[in-house]
Every structure is written in structure tokens, then in C-alpha cells.
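One chain, chain A, links the two complexes that follow: it is found with chain B in the first and with chain C in the second.
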Partner chain A sequence: MACRRGGNHKHCLSTTSPSISNCHKLPSCSSRTHNICMVSDFFYPNMGGVESHIYQLSQCLIERGHKVIIITHAYEDRKGIRYLTNGLKVYYLPLRVMYNQSTATTLFHSMPLLRYIFVRERVTIVHAHSSFSAMAHDALFHAKTMQLRTVFTDHSLFGFADVSSVLTNKLLTVSLCDTNHIICVSYTSKENTVLRATLDPKIVSVIPNAVDPTDFTPDPSRRDNSTITIVVVSRLVYRKGIDLLSGIIPDLCQKYPNLHFIVGGEGPKRIVLEEVRERYQLHDRVRLLGALEHQDVRNVLVQGHIFLNTSLTEAFCMAIVEAASCGLQVVSTKVGGIPEVLPDNLIILCDPSVKSLCNGLEKAISHLKSGSLLSPEIIHSQVKTFYTWRNVAERTEKVYDRVAGEIVLPMGKRLDRLISHCGPVTGCIFALLSVISFLFLMFLRWLTPDYLIDAAIDATGPYGAWTQQYFRKKRETLNSNS
Partner chain B sequence: MPSVQLDQTPRQRWQKVLYKKQPFADNYVDQSFLEKLRKNVHARKYLYWAVVFESGVMIQQLCSVCVFVVIWWYMDMGLLAPQWLFGAGLVSSLIGYVFFDAIDSGAGRNESGRTRWADLKSSVVFVAFTYGFSPVLKTLTESISTDTIYAMSAFMLLGHLIFYDYGANAAIVSSTLSLNMAIFASVCLASRLPRSLHAFVMVTFAIQIFALWPMLQKKLKAQTPHCYVVITFLSAVSALVGLLTISSVGAVLFALLLVSISCLCPYCLIRLQLFKNNIHGPWDEAEIKEDLSKFLM
Partner chain C sequence: MADEEGYLAVSGERITLQRRHHSASCREFLVRCPRLQLRSLSAVTCSVWLVAYGLFVLCQNSVVLSAAIFVTLIGLLVYLHFVKIDQESLLIVGSLGIQMTSSYASGKESTTFIEMNKVKDVVINEAIYMQKVIYYLCILLQDPVEPHVVSEVVPLFQSSKPRLDCLVEVYKSCQEILEQNKKS
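Our next item is the complex of A and B:
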């Protein structure tokens, strides 16, 4: 909590006029800057797609001159405020984790803390991530009560068949019905979200995930060319199709004596793979590496010739982009948003069955043997142009600009919208809850008025202490070099 | 504004791919939006009379429970001698046994490879043991109050109806549990009868009506549907007549129950089926259709 009270600087910061923002030119700074607050239950030290998305996007937005802060819940002893690279400020809030790293939601208990942060950091746009995160939905709810603009990014696909998805879809409808803009990671994901939350497709943008191509470079010298190696990197859970993998391994190992498998990842389905390895005596040909650190993934990928993805559902699938970026031939199931991700010459798409996946792999192996496979460098140079975080940030910035020009629904209209959009029963319940939350906000404002809350020193953004220093130094070194 | 479609020249068609930079706004909605949406893929169209026919299984089971309770009541009142019931049961069992093989002309027997000698042995063993233990059954629940026994029997028979295998593929179905509950109820009720011979006959009758009779029914339904309809009808009539001799109100209520199950419920099912709105699309989690256990055997 190093920066809890910036008393000395408060006045000079809060009185700086917007004209000062032009006194130093930031690289590719857009016409207007925003104070963005990313909210999600999922952030480092937890690892995964959502986490890296938030981090990379924030970094690129900082580079573009915006002020970005992140709010997540405390991870064991990691609580309070932390600063990451380039002054990215992260609030780890002391909220109780309920299930799967997601906090419990009561819609109200997090309001005092979140309101304090929103006011302190002068947030203008609240950007929530992942529909699994209760904190993200809470923050959206409070932000709307506080008349802030809201953006939501959905990272996952959901079915419509079972009871649990019916319930979560209803909650998503409530949460998104008055959110300004929604971002999805693929067109399939957009269709899914529009249906789940009964949205107008015009307020849903598609901005794919990205991969840092410099982290995933090919290295053909690491391959063992006397054998053929198939790499699988995923969590070993049912949704990733590990049961299919347990059928593919014995089938192909019997056909090709010089075929090897490397499996990276951990999970409850590991036991299935171990049984298969035991049953068919494949200990020297199937390596199970266990959980991988993010920086080790590339070193595992470059050891293989073919990358196999057996997911049963996937909104975007970063893994296949990472593998293609490392120059591997990708074989994958044709589910969710996967067909949109890579062009046909880089991926072999199969039906989610053992037979079809084996045929796909055999096709890849025969290409490899005949030498008609593209070289890793060519694949890498092609893939690295597809998805970059700078491009993602640029497109997200457009969404922010658009949202900043919109109005937040005033209380009366918000209630109308809830009741008309979410059905008579749910709509009325949540309309009542939003009235209570409004009264709660009034109470909090009476308890600690906004003007009594200290404004924090900006680390990033146009007046950011950190960015000014950093970019000035960078510019100076550039000038001195030239 | 980014919301406005940037593309003024509609020559370039929009493609559903993420890797290309396309001259469309990120929130562009193409005509092909949601074209892969499918509705009610797995929804079945039901025919009214087919559903009524299928409801026969339930009718039969309700009637079996009703007949069982009526017979018990007659025994308890002393209106039915146990010898008579035993004799009738033995005769109908023999007829059923003959029919059981005659219906599919011995195909089922050849498949299972069970000999008649084995059948005879197990029935003799069963009858002998039940007869030997009937004094124990009679005194087993003496210390328990009669009201408790009645309540327990009612719950057990209800449980029998709930867990019975009506042919649905659901987690709640358990024919073992269902049969056990019915036998437990019969033991409870038998212990309230006047003598141990009564108890013996009651438990034997329970086995016949709850274990053997459904097996024959299943075969009848598969092989001779017309015959099955007649038998369902007959058992409904006999249950109703039996109930009528005890309580006319009960008979009317039971008749209403049977009618609503066999006629009203199928009608509701078919009407509600029209409101079914099940959405499918490329976002659905794929199902693994193959049997993967063979790789581990």
C-alpha cells in the first residue's frame, strides 16, 4: 500500500487541465484518453487465457496513453496494491473466494470497496472480463449505479441445454442488458453471447485474442528428426477432449513405430492417459510432463512436428495459435470458434471423434514424410501477422471511444429496461436490487462524500508519473542514438 | 464513428475468419449471422396413441400395487383363505411360465442358456425357505406399532412406483431398489396377518406380482402388443372392481388417476412439446459418441 495517500500531490494532480496532456507526445497517442478499470476474478498469479489477455491488453493500452488499473481478489498473501511492469496498478481486494477462484456474490458487499476505488482513481470506463467471474458482474452492477460506462468481454462458450446453463444465461441477460458494449473473442462466441443474453448484435464487437509472436518462435534444431513427435499442451480435463486423446495414442502408436507423444499439462484426466500408457507399454514413447510454466510452453512446443488439439468446446483457442507460431502443423477438432482462427493451409480440421482425428494426424504425418509441409519459419512469419496485442488494443480503444460518447441509462430508464428485457419475474427482482444498490450508494456518499476521498497519483495515463518518466527516458535515448 | 459500416464498396464479401483484416467494423453484423442456429434438433414428434400405449407400463404397475393391497385386506379381514390364494397363485404362475416360453417360442430361453431344472430348483428353494422362515416373518415386527407398519408399507410401495424401471433412461431408475422396497412392504404387511401361513402366502404372492409378472409383461409388450393392451385393460378393471368392494370413493379416485395418466398426461405432453425451444449451434460442446472404454480393456 505504498501509494495509499498521495496528499502532497493531490491538488496539483486534480487541478491539472486537459491541455497539459499535449505537452508530451506519447507514442501513437489517440485523440482522447480514458481512465480504464479492468475487473476480473482471474488475474496473475493465476494462469490462463483470461489472465494473460487482461495483462497484455492493459500493457498495450498504457502504451497508447491510457490510464489502466486492474481490480481482482486477493490471492493468498498477495493482497493490497501492487505495481507491475510500466506502472500497471493492481488492486488485490480482500474478498472471499467461493469456487474455482471466483468470489461469492451478494451484489452489495463489494460496493463500498469498489466505489472507493472508482472514485479514487477517477475511473471513466469499467471493463469487466469473463462471465465466470462474479466480481466482474458485481463491478458492472455498481458501475451502472454510479453512472460509469461499462464494457464486458466474454471469453467462453456456453450451451443452452442443462439447468445450470439456463440459470447462468439468465444472470448474464440481467448483467448485460444495460451494459454499453460487449466484446467477444470470435464470431461463434458473438453468436453465442447474443443468444444467451438476448442482445442487439450491433453492440457486440468481435476482437480476437492475440499471441506475443516473440515468445513463440520456431527452433527446428530442437526437433528430433529421426522420429515424429506429436505435442499436446492443454489442461487434462474432459472439456479438452482428453478421452479422445486416450483413444488416439494407442491407435497411432501401433501403426507408426517411430511416433512419439509429448503431453504437457495437469488435470483430473491424467489418470486416463497413464492407464493407456501402462496398458500398451508406451512409457518410452508417451511423455507426460505435468503442469507447465508459461515460459516453458514454447520449449515444449518446439520439440514437436505436429500439434494436436482435441478440445470439445473452445471460444478462440490460443493454444493452436501459439503452436502455429512455433512452426508446428496443427491438427484440431472443428468445434466452437476454432475454424475461424487459422487459414486452411495451416490447420487440419477434424470431427471430434477418434477416427476423424486419427485420419487428420495420418494426413499430417504423410505430409511430413513427403516433405510437403511448410517450413517452421514460413509458418511463423505468416502467423505472426495475424494476432498482435497492439491490434487488439487499437480495436478495444475504438470501443472505448464509442462507449465514451454514449450515455449511461439514468435510474428510471434502467429500471424500465430491466423489467422489459429480463422477463417479469427476474426483471422485477433485479430492478428492486438496483434500487436498493442506489440507496446504498446514497448512504455511502453521505458517509464519505466523494470530495473527501483522496485522488490517487496516476501511475499511467496522460499525467502518469511512471509513463512520463519511462517514455521521456526512452525518447531521450532514441534522440541521443540518432 | 466506428459503428458505421466502414465498407462503402460492397464488392468484398465478409468472411467468418479472424486472421484476415477485413474492411468492416468490429461490430459488423453480416447476413449470415446465426445461420448455423438449429432449433429442436433432438426433439421427437409424439403420436397420441403411441404415448397412450406406452403409459400402459405405469397403469400396470399401479394396478399391481392396488391388487396387492386389496388381496392383503381380504386376507386381513379373513375373507380369503390363504390356501385359495396359494392355489390360485400356483396355477397362474404355471400358466405364466408356459406362456413366457411360448410367446417367443423359446428364443429367450436359448439365449440365456437356463435350464428348466434350474428354474424348478430355485423356485423350490425359495418356497421352502419362505415357508421355513414364515414364523419368523410373522413375529419380526411385533414390537413395532401397527400405524408405523402401515405408514412404512405405504412409503415403500410409493418408492417401488417411483424407482420402478418404466423404460426411461434416467439416474433415478433402479429396478433392484424398487423390487426390494416392494418385498419389504409385503413383509411388513404380512406380519400383521393372523397366522404364519398367511404371511408365507402373502410374501410368495408379492414375489409373483412384483418380480415375475413384470417380466412376463415386458415380453408380452414386445411380442404381442394387442394382447398387452387387453391385459392392461383387464388388470385395470380387476383392480377397480377389487377396490370397489372395499371403498367406492377410493375406486372412483383410482379410476380418475388411471384415466389422467393414460389419457390426460399424453395430451399435455404433446401440447407442451409445441413450446419446446431448444437451441443448438457450433458453440455446443461436442459429444464423444464412440465407446472409448475398449482402449482400456
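Our next item is the complex of A and C:
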């Protein structure tokens, strides 16, 4: 099997290289292409940071010549197999959703389907996303049993004190102790993950998120310059510090008569803001927009002068990068990975308290009034270069290249690692579970041997139906031009 | 003119594909599944009877034994008449339409016919089936009101489930005929 795969690589390189030498615009194919399988419970049509991260990263990896598929669970009537832009193949598996769009896990029931997909798509690297996703952990577990390389991306920060954190941290320790490589979105997140899962920091890389700068362009004409507008776009939940916001609004509105607030987003804390608006009679100055579609976010952002972020915990704040990309002055709390996101001249950092945030906002307002703020275009052109998906894909590719050279722990060593690394009780339980999963895999291999599984026709990658078309089209246009 | 080739089904069973070229625009494909094996029949019968005998020893009631005999007989009849399909055929006539026939082990046949003006295309699709992801051949029917919309998908060879190599053969032949039809 291994040698056949090796042969494939050589062959595919020889077929793709002439087309690459013909077109200059295409990014050069790396020395080696991978068959990557992204697994997460969170994907479109669900909306959020993880979802767009997976989508954008996959698109850029396809552009770089890799084969990428995505596995997620079914969303209502969206089940089966779908193709997205550029032949990105998505499997919506019919698994039961338990809580918050995360599937139930018994560790075994998803194995037959996942194994079937890994075999038919000839996956070499399994890349799981988000520690909240049960499916991602399941897939990691099965992939390790099947001797595939594994990569995990952590998108969130966790505490250490409460019961739920203790349990998830334990689960994460077990799940990550034999994973080949882990990616975090910021250095704070790396520190957090290393501590939570007691990992060797050497196998943890930091690759930040990115924004699409063409989606978030400034438009100063949309601003109303007779007033000062502060924009807040976030889910209205406790973690995002909406209680702080409800303290800031009346204070500042009293001080500055021409100050307006626009709040975009929906959530359980909306009622707090509505109460504040009611009590201080601020209906004309505080606008609550409710849930926003992703494409509307830019239109809301460009209406403001100052962007306020009140998060209490944040691994990497996409919202402030988006706002800065639209040319707004950002005022934010100094928590989690936020201080490493933007340079000091673009952001005003405050402690997570009403007083400190008010001081920060007043500073921003005085800057604005004196006209010493940078112009939106300058801010945009600066931010544009910081975080791009192409750069993220390039760095992720390096992780894949490194992982492809590593060995997957064989069963015996894996058991040793589990028992020595995860504590006597949990370690033994999970060692037993991994033995069971190994036996289950043997059983499945006996039931449907690998040679009976049809290899899927590649949509992307060196042999991909879509990519070859793309190459051909590019070549034709180039030929006709010259 | 007919040629026959052996293929594998998704489950690993051996199936045969027979192609008959009646004329340039009329072709027939027969997919034959293996017949009911005496081995599996006797295995099922033996296990049912052994269980019944075990129950009989426990509760000393001979009704159990006679019930077991009836269950096996009726079960076998139902299986042969409604479940077990021996042969599935697809007859495609360029100017007329597509006819699908499935013959049950008991000799019963069920036939469906689709007119050519309703057929939008014949394609190979992927689906999640049980704990597998399989390829299957299907006919896309077009909506009578809006010709660009697919109103229904009719899967072919549902019981034999041939693997991709077999499906590709049938698909290519079908496409040839559909192409001819479009040109004329």
C-alpha cells in the first residue's frame, strides 16, 4: 500500500508539473501533496469562526494542489455528499446531534462510516478542528487506530477551575497525547492548550486566523460625521462581556450627547441591553440590530468610528481584525490572545472593567475629535498584510509536511503513552477502549475488506476532476493571450 | 449480440453484467445476482429450528416446534417473492424511453417505464447507504413545468448494487444513446 502511494506521488508530479510551468500565476506545487480530511462538527450552514476557518483554509490548500475533503454531521435535510466551490467535497454524515450542534459520542458508532470514507478517499492526514466537537475527537481516535497521521486545531480558550473544564481538559489530554501535531491560533491559546492537555510544547504550532481583506474594506462616506458612532458586533453572551457593555453605555451617553451605539448580534444577554436602553431612555441612540449575516457585518462596521470589544476570554479575536480592516479605531479588553493580534498604534487595550473601558473609549473619542486618528485607508492597507489565508495555508502545509515524515505510534507504544500520560485510571480506561477500537477495526476489515471499497474519484488534488479543468482553462487563456 | 462479464457488488458478491445490443439506439443491460445458496438456506433453517428446539426443551410445549416450521416456510415464501431479486435489467431505447425490470426469485417481475421526454440525464451519484458510502447509477427526471429543474431521482440496480467499474460501463453506453437522441 505504502509503495503504491509513493508511486502515485511521482506520477502525479510528472503530470502536473508541465501545466504549472506554463502558468505563472498559479502558486507552485509543494514537493509533496497530501490527501487531507478536515473533521469538525461545525461547518456551513452553521455560522461562526471555526466554520469559515475550515472553509477558507481548505480553499487555499486546494489552490496549492492538495486534495481536501471535509466531514461534518448532517444539518436538518442537508445530508449526504455535496460539492462546494472548486470541488471541495463535504460529507454530511447522518449522526445524531446532542447539544449545541455537537454530536453524541460513543467513540465507536461513527467508526464504520469514518473508516469507509478514510479508505475510499485515500486520506493520509486527518485534521480535526475545535475541542468542543465530539466528532473531531472521535475521528482523531479512529485515525490513530488506522495508523493515519493526525493534526488538531484548537480554536478556544478554557478555564481550569470548574467541573466542566476539568472534564473537557481530561478528555483533551487523552485525545491529544498521541496526536502528531497541534495547531493553536495564538500564543496565549498555545500556552493554555499545553497546560490543559499537558503536552510537549514542541509539537504545538501557532498559526493565527485570517480575514479576507477584500470583504472588509473601509468606506468613510457611510459614516455620519456629525455624531460619533461606536460599533459592537458580537454574540450577546456572557463570555463576550455584554454585562460590561451595559455599564458603559449609560456612562458615556451621559457624558457625550452626540454619541451613538450600534450593537449587532443576538444572544441571551440581549435582554440586559434592552433594559439599559429602557431605563435611560436611549432608544434613539442605541440601536440593537439582532442577528447579522456574515455578509452584512461589513455594512454595519463601516457606519462606525470606533469598534468596541468587551470579551472576557478570547483565543484570537477575529472581530477586531475585521473592524480594523474596515478602518475603525479598536478599543478592546486585554484578555487572552487579544494583545498579540494588532500592533499598539491600531488598538487601545483596557482592563476588563467598566471604568477602564470608559477611559479607553474616552481616549479614542478625544483622538477622533482632535483628528489625530489614522485615516481608514491607511489602517486598512496596514491590516491587509497581517493575516491572509494564503499565508495560513502555507504555514499549515509546513505542519503537514512535517507530520507526513513522522511515524504514527504503533499499538503497543500508544497504550504505553496513554497509561503513562493520562493518569492511572483514565489512562487504563482509554487504553482498554483503544484496544477495543483496534479489535473493532479488525472486525470491520474482515466484514468489508479494503479492496472491496471503491476508491472515490478525486475532485481536488493532483488527479482532481475540478483542478485539472482549472489547470486546463488557465493554460488555454494563457495560450490565447500569448 | 451479447457479451457477459463478471463484476463485484458493493457487498463483495459476484454479479454478472450482460449487455445486449439490439440495434444502434437500443441496448439492454442485465445484472444477475447469485441465486439463493443451499448453504445459506440450510444455515438459516437450522438456526431457527435449533432455537425452537432449545425453547421446546425449556418450556416443554410442542407448539413452539410447529410454529418454527411455519415461520421458516412462510419466511422463505415471502423472501423469495418479495425480497430476493435475481435479475435486474435496464432497457434503453433511444427514441422511446427507459424500462427497468426486476425479476424476483419466485418468478414475479415488476416493471417501470420512463418516457424519453421525461428523462433529463443518467448520472452516477454517491450516497451514504447503511454504514457505507457507495456509488449508484440513477436517472434524473425533469420537471414538466421547468425543464431545468430535476424533479425526481430514480436509482437503478438497487438490489444488486454493482461497484463503480460496472456502473461506468453502463453509464457510458447510456450516454452514447442519449447523445444520439439529442442530436436527432
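What we mean here is this: the second predicted complex is superposed on the first by the 451 of 482 C-alpha atoms of A that agree within 3 Å, B and C clash if a C-alpha of one lies under 4 Å from a C-alpha of the other, contacts with A are read in each partner's own complex, and residues count from 1 in each chain.
Rule of thumb we're sticking to: contacts are C-beta pairs under 8 Å (C-beta built on N, C-alpha and C of every residue); 3 or more make two chains touch, one makes a residue touch a chain.
What you are looking at is a predicted structure, and each value in this text was computed from that prediction instead of being measured.
If you put the two complexes together on chain A, you find that chain B and chain C both fit without a clash. Residue contacts after overlaying the shared chain place A:48 against neither chain B nor chain C. Between the Cα centres of chain B and chain C, as seen from that of chain A, there is an angle of 110°, stated in steps of 10. Of the two partner chains, chain C is the only one that A:116 touches; chain B does not reach it. Once the two complexes are overlaid on the shared chain, A:94 sits against chain C while remaining clear of chain B.
After superposition on the shared chain, chain A has more residues touched by B, the comparison being chain B against chain C.
Contacts of A:448 after superposition on the shared chain: chain C is touched, whereas chain B is not. Once chain A of one complex is fitted onto chain A of the other, the partner contacts of A:81 are limited to chain C, with no touch recorded for chain B. By the touch criterion stated above, A:456 is placed in contact with chain C alone, chain B being left untouched. Applying the stated contact rule after C-alpha superposition, one finds that A:159 touches chain B and leaves chain C untouched.
For the overlaid pair of complexes, the smallest distance between C-alpha atoms of chain B and those of chain C rounds to 37 Å. Residue ranges of chain A in contact with chain C, taken from their complex: 79-81, 91, 93-94, 112-113, 116-117, 120, 448-449, 452, 454, 456. Only residues 157-161, 181, 186-189, 191-192, 194-195, 201-208, 239, 241, 243-244, 246-247, 250-251, 272, 275-276, 279, 312-313, 316, 333, 335-337, 340-343, 352-355, 386-387, 395, 398-399, 401-402 of chain A touch chain B when the two sit together in their complex. Those residues of chain B that touch chain A in the complex are listed here as 1-3, 16-19, 25-27, 29, 33-34, 36-37, 278-290, 292, 295-296.
On the side of chain C, the complex with chain A involves touching residues 8, 10-12, 126-128, 131-135, 163-164.
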